[in-house]
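Shared between the two complexes below is chain A, which pairs with chain B and chain C, respectively.
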Partner chain A sequence: MQFRLEKKLQPSKKMLFATPVLAVFLTMILGAMVFTTLGFDGLSAVREIFLTPIINSLKWQDLAVKAAPLIIIGVGLSIGYRANVWNIGAEGQYIVGGLAATGVALLTHDLSGWWLLPLMGIAGALGGMAWVFVPAFLRTKLKVNEILTTLMLTYVAVQLLNFLIFGPWKSPTSYGQPQTVLFNSDQILPYIIPGTIVQAGAPIAVLIAILAWIIMSRSVFGFQVKTVGSAPNAARYGGFSENKTIWLTLLIGGALAGFAGMLEVAGPFNRMVPQFPSGYGFTAIIVAFLGRLHPIGVLFAGIVLAITFVGGEVAQTTIGLPNAAVGLFQAMMLFLLLAGDVLVRYNIKIVRAKR
Partner chain B sequence: MNSKQTSKQTLRLKLEGLTKRFPGVLANDNVSFAIQSGEIHALLGENGAGKSTLVKMIYGVMQPDEGKIFWDGEQINISNPKQARALGIGMVFQHFSLFEAMSVLENIALGMDNKISKKQLEKQVHQVMQTYGLSLEPNRIVSTLGVGERQRIEIVRALLLNPKLLIMDEPTSVLTPQEVEQLFEVLRKLAKQGCSILYISHKLDEIKQLCDNATILRGGKVVGECDPKKETSKSMAEMMIGASLHAIKKNKSKQLGDVGLAVHEMSVKGQGDFGVSLKNISFEVRHGEIFGIAGVAGNGQNELQAVLGGEVVLDDENIIKINKIPVGSMRANERRKQGLCAVPEERHGHAAIGEFSLRDNAVLTARNRQNMVRAGMINANKAKAFTTAVIDEFNVKATGSGAIAGSLSGGNLQKFIMGREMLQVPDVLVVSQPTWGVDAGAAAAIHQALIDLAAGGCAILIISQDLDELLALCDTLAVINEGRLSEPKKTEQMSIEEIGLLMGGVHGANQAPAELQNEAAG
Partner chain C sequence: MNVDLTIAIIITMVGASTPLLFAALGELVVEKSGVLNLGVEGMMLTGAVVGFAVTYTSGNPWLGIGAAAIAGASVSMIFAFLTLSLSANQVATGLALTIFGAGFSALFGKPFTGKPIDIFGSVFPPALSEHPYLRVFFDYSPLVYFSLFMVFAIWWFLQKTRAGLILRAVGENDHSAHSIGYSVLGVRYGAIAFGGAMAGIGGSCFPLILTPQWVEGLTGGRGWIALALVVFAAWRPGRLLAGAYLFGLIATMELYAKAAGGAFRIIPSELWASLPYLATIIVLVLISLRHKISSSAPACLGKPFIPN
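Presenting the complex of A and B:
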């Protein structure tokens, strides 16, 4: 017996929305089974990871903090993915964005004023853009696959980070710790809800998602991205340049990742530290797909993935689940989503070989 | 009909009440007919009449929902093409499945169900070619072959199985008149030896020339059977379409205006391994003129369309001029602003995007000329209004401007695409294959719209492989062959024979040009 995939004329709209939800639920079920066989209390693991962060209102602020960078990076990636531009090195752009913002913070450490944060934000975005410049150039001029180049540059970014904070940027007062000095009070994001740890990053993320939604659904640029992504020949016929689209989408993705890096370094961290590469750039790939490459979908997906992060920390302390468990859940979610997509877009035909 | 034979001989193939349903469509409705051994039987019908579905059931690609298939008098189920081939059913598809980078022999070997040694296969291939007078060089790489030769590979492939029934799906749509004649010789020889042939086409003249019997399909049903030699093309066409044909209204005494589109000594290197280079092409199209470019597929038509439409941009802006303005270095959207609209041959993924709504497909090319864009944002209402206008004026059968383009039938989508460009009132229109795969009714509507547009002063260039279409519409004709354009001439001054020779490359390698010319003329 053989199976054959046949493309459906038109995938069901309902299923397009349902599969991400389905993927999350299947992840819970499979996750429970996996951790039970591993000797943990599988059901509690799933409860702690997926439900506690939602039920326990004390965890909501953690969600907001974790979701913000995921949403911002995810929105940027989703725009590129729409155009079939596969930037998977947002982590590197996020790091360099953070470094650029840190650089500005260190240079202006003795200064004060409202303009410091915007300046750091611009620096962060420019840093991220600088990091995708090379992949964009190589892709458009030499047709070098951006999947490889963006990923490899991520590792370069980590080395750059280590070089700077172990070397020239190391704080003289940190007792040998590899970290920069704390930013001054004008270089730190304001807290928007008193008494919580929620900083300006959260509302900015929501704003960016809404803005991206309007641009992607209403503007010629959004139309161009979608056209280049779904039919390159039609795009050329419509007068859209493929190379220009690659440049723009990569630069936007890099800028948003870099900007997210600035929000992190000027937010939760307050300084540059070796733990800065937290994997947001990679998780944002899952966020983009779980959100169906739609800015508003990404907004919700960012929250879902933030739940797994926060829940993972909870499960670590309450039932001693290893930290890697979170990664396992996230990966499972992506795989189930992609597998579900195949079922949405294709019919499976059983082909019986008769003699 | 040939009742004298029916009673005596066993029938090679008999279909009884075949019915096939797809969601929302009854593709074949109680179809019955029979083919005798050695008979060339035409299956005639418009696009969408259900010919392909029927043939797929005979070839085992699909199974009927109801009805019976008899093979040599025995009822059978054909569950896959392999079984069909084992029975002796061969098929030559309209679109070839050949690997460009492989040799003729390798391609044939790949299609064989039973693996045999290369030497033996070569021997068999030579034998088949000799028997049927098919000339092919077994070691040539496919990418270097013309369309006629490629088709011969498919035919040899089918003949190697000693078929008792050969199905030919629209075999002549890509051939020159001379190549068609060669093909017919082979088919007649085959039939004489007892092989039945099911010949699918909508070209009535060919069916009259070749076939003994014809079954006519319309809307999935058999609407008639006839002896094509006794019918006129017009009467068969009317059976096929189900309505009387309207003749195209053409204003003979029209005045041409200034030059709208001018191309001067254009040479463009072909892209990729299999692209055709355009060589030193020059021509002019005046306002009000319909200029036709004939040619066999794959001789540079797509490249020419891409360069004129602005999908490929030239370094020298002066090579292409619209209303005397140099546009060679402009992209498609900039050329549109100068008044040039274009329609490439391929509908899906090129002229239109299947996953997009009709409205978004309108935005694709009409956004600037119809003022749909302000400050980088698309005005959805204007886009919708324009889309609705196209749907109304060109009778596009669609649920509205929000309908997904991929859900439209080929003919309807083509009407929409043509309408989208024509309603923008271009100064110059460049279209490839305007009625490719479109039913006769829609084709007539598109033809009339083109004539009316030219009468309104538009300079129109039509690149087509359909000679009848070009002869009916065009004031001036030229032929493209291997990227070279022949001297443009008034349509009245060109004979089919001359066009055919130009299409095959005048210095072509056809063995017996004199004989072929006679046949083409006769």
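Presenting the complex of A and C:
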């Protein structure tokens, strides 16, 4: 027995929404099976990773903290991916955004005022944009593939971080620890729900997703991005500049990743540390795809991926599952989602072997 | 510069280049068949951890290399099934494969972290491998000679054999190849499996000949540099060899620049560590300035093929 793919006239809307949900459920089933064969308690692993963070209300604040950067970076990436612009170095832009915000914080360390945080936010966004500037320039002027350049610069960003915190930015009072001084109280994000660890990052993330949704669905820019991505010839005929789209989408992606970096360094970290590159920029790629490159979808996908992170920490303490297992679950989810794409675009016909 | 130092530089350079060379050669064949597999880094990590684990438990590096090849080929089949049979997006699936390989290797490698193995070094008698001059030819791991052999073998396969011609035809014009009766998907499955095996072997070079232990993320982005090398080499095995050795030289320059002292001392080690990645970008720029990449790239690169 064989199967054959036949292209649908229209991509199936129903499947477009159903497949991400299906992928998450299949990941749970397949994950339980895989981890049981690997010698772990597969069922408990799935329960702790996917259900405990939802059921246990004490974990909700952790979810909000983890989901915020994933959503913000994911929204930025999804706009680029819509236009077939493959920025996969958001991790680097996130790091440099965090560094730029740290730079401002160190320069203004003796000052106080409400304006410090907005200034750090702008610095973060500019830092992320600066890091994506070279890939954007090379892609538009010389047609250099942005996949490789954005990724290469991520490795350079890690080195830049190390150089700064092992060198000029090292705190004199940290007993040789490679980290900067603690930010002052006006440089730290306010807590929005008293008694929890939820800072201003979470509502900002929701706001950014909604804003991006309005822009993508109601503005000429949104239409331009979608046209350049899905019908480049029509876009050219309609007078949409491809290069301008590449510039804008890359800069937006860089700005949002950099801004997320600022929210992290001024939020949970309160200072720059070597552990700052936490892989959010890479996980946000999965978030963008799982959210179907739609800002509201990304919002939900960000929460799903945050669940796996928080659940991974739970599973580590309760059943001793190594933290790396989470990465495997996340990759599995992306594989299953991509496999599910076939249902969106094709009809599967079973063909019996001819004699 | 004295002779001893030059020989030492050559030997380090060749060692550092070998994983890149394996992975890039495999990807070259994959791309020649019209498929872009961005999962090289993930397949290398898989090969590195499996190669280490098998070598550590069995004590036999040959078994480790074989297992690494099988592991690399196995994970590449996930990519092949999704992109070929289900015609999924190749860029996204390749990324997923890299994320998968990173997660798998971190999980699988956990119990092996910090355990030592012996370097899989030269098998020649000390009279040759430790000779002050002749060691420039003999002081290498068998993996190094194998990688050089593969450069030739792949060139010969692509240019001189019928099977190589079919593979190139599939990459240049899939529909024509299909209409004269060749199995486009079959050829591409084979190419991807070969690319996976080569990336797996390339990954196993890290624990076997460079740093004899397993650390998470051991390959440090070399899989991505391998992808850039294929473009740099304009899809030609001979040029790939030159490119890989150039990168090996850049990656090992820090050691010798530091030893040379003087002005080199003030360059922070972080800048040296960034050099291979910056060099990759510079190289990509140089190629695009010199000639149109699109003219030498396989015509069907990255496009899905649906038989009808």
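Quick notes on this structure:
Throughout what follows, the second predicted complex is superposed on the first by the 343 of 355 C-alpha atoms of A that agree within 3 Å, B and C clash if a C-alpha of one lies under 4 Å from a C-alpha of the other, contacts with A are read in each partner's own complex, and residues count from 1 in each chain.
By definition in this document, a contact is a pair of C-beta atoms (placed from the backbone, for glycine too) under 8 Å apart; a residue touches a chain by one contact, two chains touch by 3 or more.
Remember, it's a predicted structure, so these values are computed and weren't measured experimentally.
In this superposed model built on chain A, chain B and chain C occupy separate space and fit side by side.
In the superposed model, A:Met152 lies in contact with chain C only, and not with chain B.
Contact with chain C, but none with chain B, is seen for A:Ala324 once the two complexes are overlaid on the shared chain.
When the two complexes are overlaid on their common chain A, residue A:Phe335 makes contact with chain C while staying clear of chain B.
Of the two partner chains placed by the overlay, neither chain B nor chain C lies in contact with A:Asn87.
When the shared chain is aligned, chain B comes close enough to touch A:Ser219, but chain C does not. After overlaying the two complexes on the shared chain, residue contacts for A:Gln199 are found with neither chain B nor chain C. For chain A, the partner that touches more of its residues is C, with chain B and chain C as the two candidates. By the touch criterion defined above, A:Gly239 lies against chain B but remains apart from chain C after alignment on the C-alpha atoms of chain A. Contacts of A:Ala231 after superposition: chain B is touched, whereas chain C is not reached.
In the superposition on chain A, A:Ser78 makes contact with neither chain B nor chain C. For the pair chain B and chain C, the model built by superposing on chain A gives 5 Å as the shortest CA-CA distance. Shared interface residues of chain A, touching chain B in one complex and chain C in the other, do not exist. Touching chain C in their complex are the following residues of chain A: 4-5, 7, 38, 86, 88, 134, 138, 142-145, 147-149, 151-153, 155-156, 159-160, 162-163, 166-167, 282, 285-286, 289, 322, 324-332, 334-335, 338-339, 341-342, 345-346. On the side of chain C, the complex with chain A involves touching residues 38, 78, 82, 86-89, 91-93, 95-97, 99-100, 102-104, 106-107, 110, 216, 220-221, 224-225, 227-228, 231, 268, 270-271, 273-274, 277-278, 280-281, 284-285, 288-289, 293, 306-307. Contacts from chain A toward chain B in the complex involve residues 9-10, 218-221, 223, 226-227, 230-231, 233-234, 236-241, 352-354.
Of all the residues in chain B, the ones that touch chain A in their complex are 79-80, 83, 306, 309-311, 331-336, 342, 344, 346, 349-356, 360, 363-365, 367, 373, 376-378, 380, 404, 406-407.
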